[in-house]
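For reference, the structure I am asking about is given below.
Lettered A, B, C and D in written order, each chain numbered from 1.
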Amino acid sequence: MNWTADEMMTVAAARALHPGTRCFVGIGLPSTAANLARRTHAPDLVLVYESGTIGAKPDRLPLSIGDGVLAETADAVVGVPEMFNYWLQPGRIDIGFLGAAQIDRFGNINTTVIGDDYREPKVRLPGAGGAPEIAASCSEVIVIVRQNSRTFVDGVDFVTSLGHGHGASDRARHNLRGAGPVMVITDLGILTPDPETRELTQTHLHPGVSLDQAVDATGWNLRVADPPVVTDPPSGTELSALRSLKE
Amino acid sequence: MATITTLSEAVAAVVRDGDTVALEGFTHLIPVAAGQEIIRQRRRDLTLVRMTPDIVYDQMIGAGCARKLIFSWAGNPGVGSLHRFRDAVQHGWPVPLEIEEHSHAGMANRYVAGASGLPFAVLRGYAGTDLPEHTDTVKPITCPFTGEVLTAVPALNPDVGIVHAQQADRNGNVQFWGITGVHKEVVLASRRSLVTVEEVVDTLSVRPGATVLPGWTIDHVAEVPGGAHPSYAMGYSDRDNAYYRAWDGISRDRASFGEWLAGVR
Amino acid sequence: MATITTLSEAVAAVVRDGDTVALEGFTHLIPVAAGQEIIRQRRRDLTLVRMTPDIVYDQMIGAGCARKLIFSWAGNPGVGSLHRFRDAVQHGWPVPLEIEEHSHAGMANRYVAGASGLPFAVLRGYAGTDLPEHTDTVKPITCPFTGEVLTAVPALNPDVGIVHAQQADRNGNVQFWGITGVHKEVVLASRRSLVTVEEVVDTLSVRPGATVLPGWTIDHVAEVPGGAHPSYAMGYSDRDNAYYRAWDGISRDRASFGEWLAGVR
Amino acid sequence: MNWTADEMMTVAAARALHPGTRCFVGIGLPSTAANLARRTHAPDLVLVYESGTIGAKPDRLPLSIGDGVLAETADAVVGVPEMFNYWLQPGRIDIGFLGAAQIDRFGNINTTVIGDDYREPKVRLPGAGGAPEIAASCSEVIVIVRQNSRTFVDGVDFVTSLGHGHGASDRARHNLRGAGPVMVITDLGILTPDPETRELTQTHLHPGVSLDQAVDATGWNLRVADPPVVTDPPSGTELSALRSLKE
């Protein structure tokens, strides 16, 4: 069975979600991966969307974080202030699942502006949404993003959501409770922060991806595990579950 | 007690040039028809407030209603960028747009403070991000018991708050259910309020998960079936995902947007 | 995920000597049976927290379970005084009772802060009253935007939070409806939680006005039909107003209370 | 038709509530008076109880502020934090209706302790409940309390709920938005604060009550309007509505 790089990325992200995990899900790739995990190895995954739906069990992929199917199938629907104050902020959510327009070697994320001048941006992006507090308060953060040198930059233009700042002690300095990014899952492989320095290290490559590809796709001098692990390819079960989800 | 009236009368009664206006609805129950009525009445210099400026604010910004936007996420959900918003921010077209940018948690708490009659709210937020550097309305605050430093944001008390809901009764009591976002907060925080509804019924039969706002908390109610399109009203309509995708094309350049705008006016 | 067990096992699992314990329920859904089980298990040195200490806390205080009470209104609602509470405060019987006294608004906001993972809450409260002079946990706080001085109270995060509810399903998801007080806040604010329910059902059918708490927010659920008596569980029982009146006589002197206590143990 | 002093007091309190008023109601005399007003001249009175019930329309007198009949008949039922934060605190409620164990010449109220020493009280009372913030935030406060020298004291032992403090500018100094007590309704008559000094003045006497009775029942040198107005006696309609309410 053949698969695309995006399919491999989504499958790898789904695998990172353990059964029973409470997962704060953004729309797009994170939502696809979380719903795939629910259809495969983690049927009891608790999906939390910032629209206020807790324990949503959608039977189709929602296009937005506020689709009716999320409210109809949720264990509880709460207002947006309550979602952020009672559910996210105290650290009740295990995994925050984020995307990025730019990400740097410490997992800091930009979704605000491209360009040096915030007031005169080259490209105006949507902005923060729930991401800064998801990145701050979830026990762990997983980032899903395609790996290329436009996105994997040597210094983000704007820190929308704090990763590991400038290194090991930065999150503690900001009094953040969550551990920050523990995994960046891409179409080429997986990066995890070095336990000492918190710098992202390419620990996994997806099948058929070369180390050079990963290095070329990264805008900084990429650290690499020696040797990187090759990810298991998507199984037939995973692929068919993913494809039926997208129908 | 709420006055039940037409959309055009209600908008004329509550929205004035220069007002701070919040149209809320988190993906669901977005008062799109009310936004288009504001365009039709050619209101100007508005400070628009909304957590998730999406199609309705792209339309109002493109039509030149706004001089400032207070927000936390400006995009076409599930589709991509807001082209009229980008054109205003990047090129000042049709008029320059000042922005005041927050996170969702910050915006939600600003409405909570506004609804609560407090001047500010406290949260764990913005820490380590570049937002406070560019947004004056984010400041540190110290816990008087533990000494811990947290973040304060000021209350939002718009001149006008507008939301869409499923039902009102003839006394202007309103109920909405499903994803309710900051509906209650924006109505209670605003000096004047307008709720557009799918249906005016004789008696509200309260639904599971519904919020009821007594009529005396609302200034105007207008019956506007389908008034949330292309967003949806649970129990009445489905989200028109195709329209969200279509908006990307309509809004992408000034000419095609201009055609759309001529049709609305 | 909540463990569904018996009341005695649940209380043994969550309540330890010296704990800070909150039994909540604002007139409705008061976990009285759980309080009596704590008496039966002879817990001591508890710091009891409750907005409205009424019969259940009069019983626990009279039984000598408490060394401290954090509260905002201690009375027999609609009847009069709490005699065991007064005896403890005025005469130190059966053991001295330290008190930490707030207003309802302050207590409610302390739970909100606790549920929100914040160290404190801000309110317009206590101004001009003698409460701050006697209560250390009330301090001024200045708005960093307007300079206005408001009041801060510290978060409440009890070791144990206990409430009564109408229903749980077999996964420990709980629903309660009617007057819900600070039920949600105390469960979310507490390190360990116990919900006693009228009934464990196969599937929750969500009612209008109901709050649902997912089972993963709760540690223990125990089925205790009538567990709120003499308070009530809307849809299951009515408030036993006669018992509230009768408690006045039972509790008025130490001897008659002693007889009642012997019956419980 | 004969009536008792308590009935006169309740009728006078009910009359003070104008149609459409939003009224924050404590249990006991305030609740009886508010429900009487709803049965007579003000059927659209909005009763708000601190238990979270907004627009309750009980068909019998509740014994507690949390009786089921309040929730069953309310326009909306909200949690207690929301009641205080969204409804009371911003000044949405017109009238706060309070009782008192002690009250002084400026309408300051004690419901906490009798005696000089808070830690060793002569009598421990229930405490504050919702009263301090009701007194602070409602547009106006009406107190209903029996007039006698044990209750009407020259200085309360504890200020649980601020009235006019020590006089005219005290509420402004505490940055309170509501006007404070505008009326104290007793079994003997009605006291209202002097517009200049805010000291309570006996402006009304109920039928058959002498000025001496009021002076004797007051623990301070009572100011009296010259002459005090005599309250209209309870009408037959009022009395029968009140009595049927209590059945």
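In the analysis below, a residue touches a chain if its C-beta (ideal position, glycine included) is under 8 Å from a C-beta of that chain, and two chains touch if they have at least 3 such contacts.
Chain-to-protein mapping (UniProt): A, D = 3-oxoadipate--succinyl-CoA transferase subunit B; B, C = 3-oxoadipate--succinyl-CoA transferase subunit A.
Worth saying up front: this structure is predicted, and the values here are computed from it rather than measured.
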Tell me, which chains sit next to both chain A and chain B?
-> C
Length of the line joining the C-alpha centres of chain A and chain C, rounded to whole Å = 40
When centres are defined as mean Cα positions, the distance from chain C to chain D in whole Å is 28
Would you mind listing the residues of chain A that make contact with two or more other chains?
-> 85, 89, 137
Two or more other chains are touched by the chain B residues 112, 117-118, 123-124, 148, 184-185, 209
Which pairs of chains touch each other?
-> A-B, A-C, B-C, B-D, C-D
Chain D residues within the chain B interface of the complex = 20, 22, 46, 54-55, 75-76, 85-86, 89-92, 137, 177
Give every residue of chain B touching chain D within the complex, in rising order.
-> 1, 112, 115-118, 173, 184-185, 188, 211-214, 216-217
Which positions of chain D touch chain C when the two form their complex?
-> 27-28, 50-53, 63-68, 70-72, 77, 79-81, 83-85, 88-89, 112, 118-133, 136-137, 158-162, 165, 170-171, 174-177
Chain D partner, complex, touching residues on chain C are 26-28, 51-52, 71-75, 77-78, 81-82, 85-86, 89-90, 101-105, 108-109, 111-112, 123-131, 134, 148-149, 178-185, 209, 232, 234, 238-239, 241, 244
What does chain B use to touch chain C in their complex?
-> 117-124, 137, 139-141, 143-146, 148, 150, 152, 154, 206-210
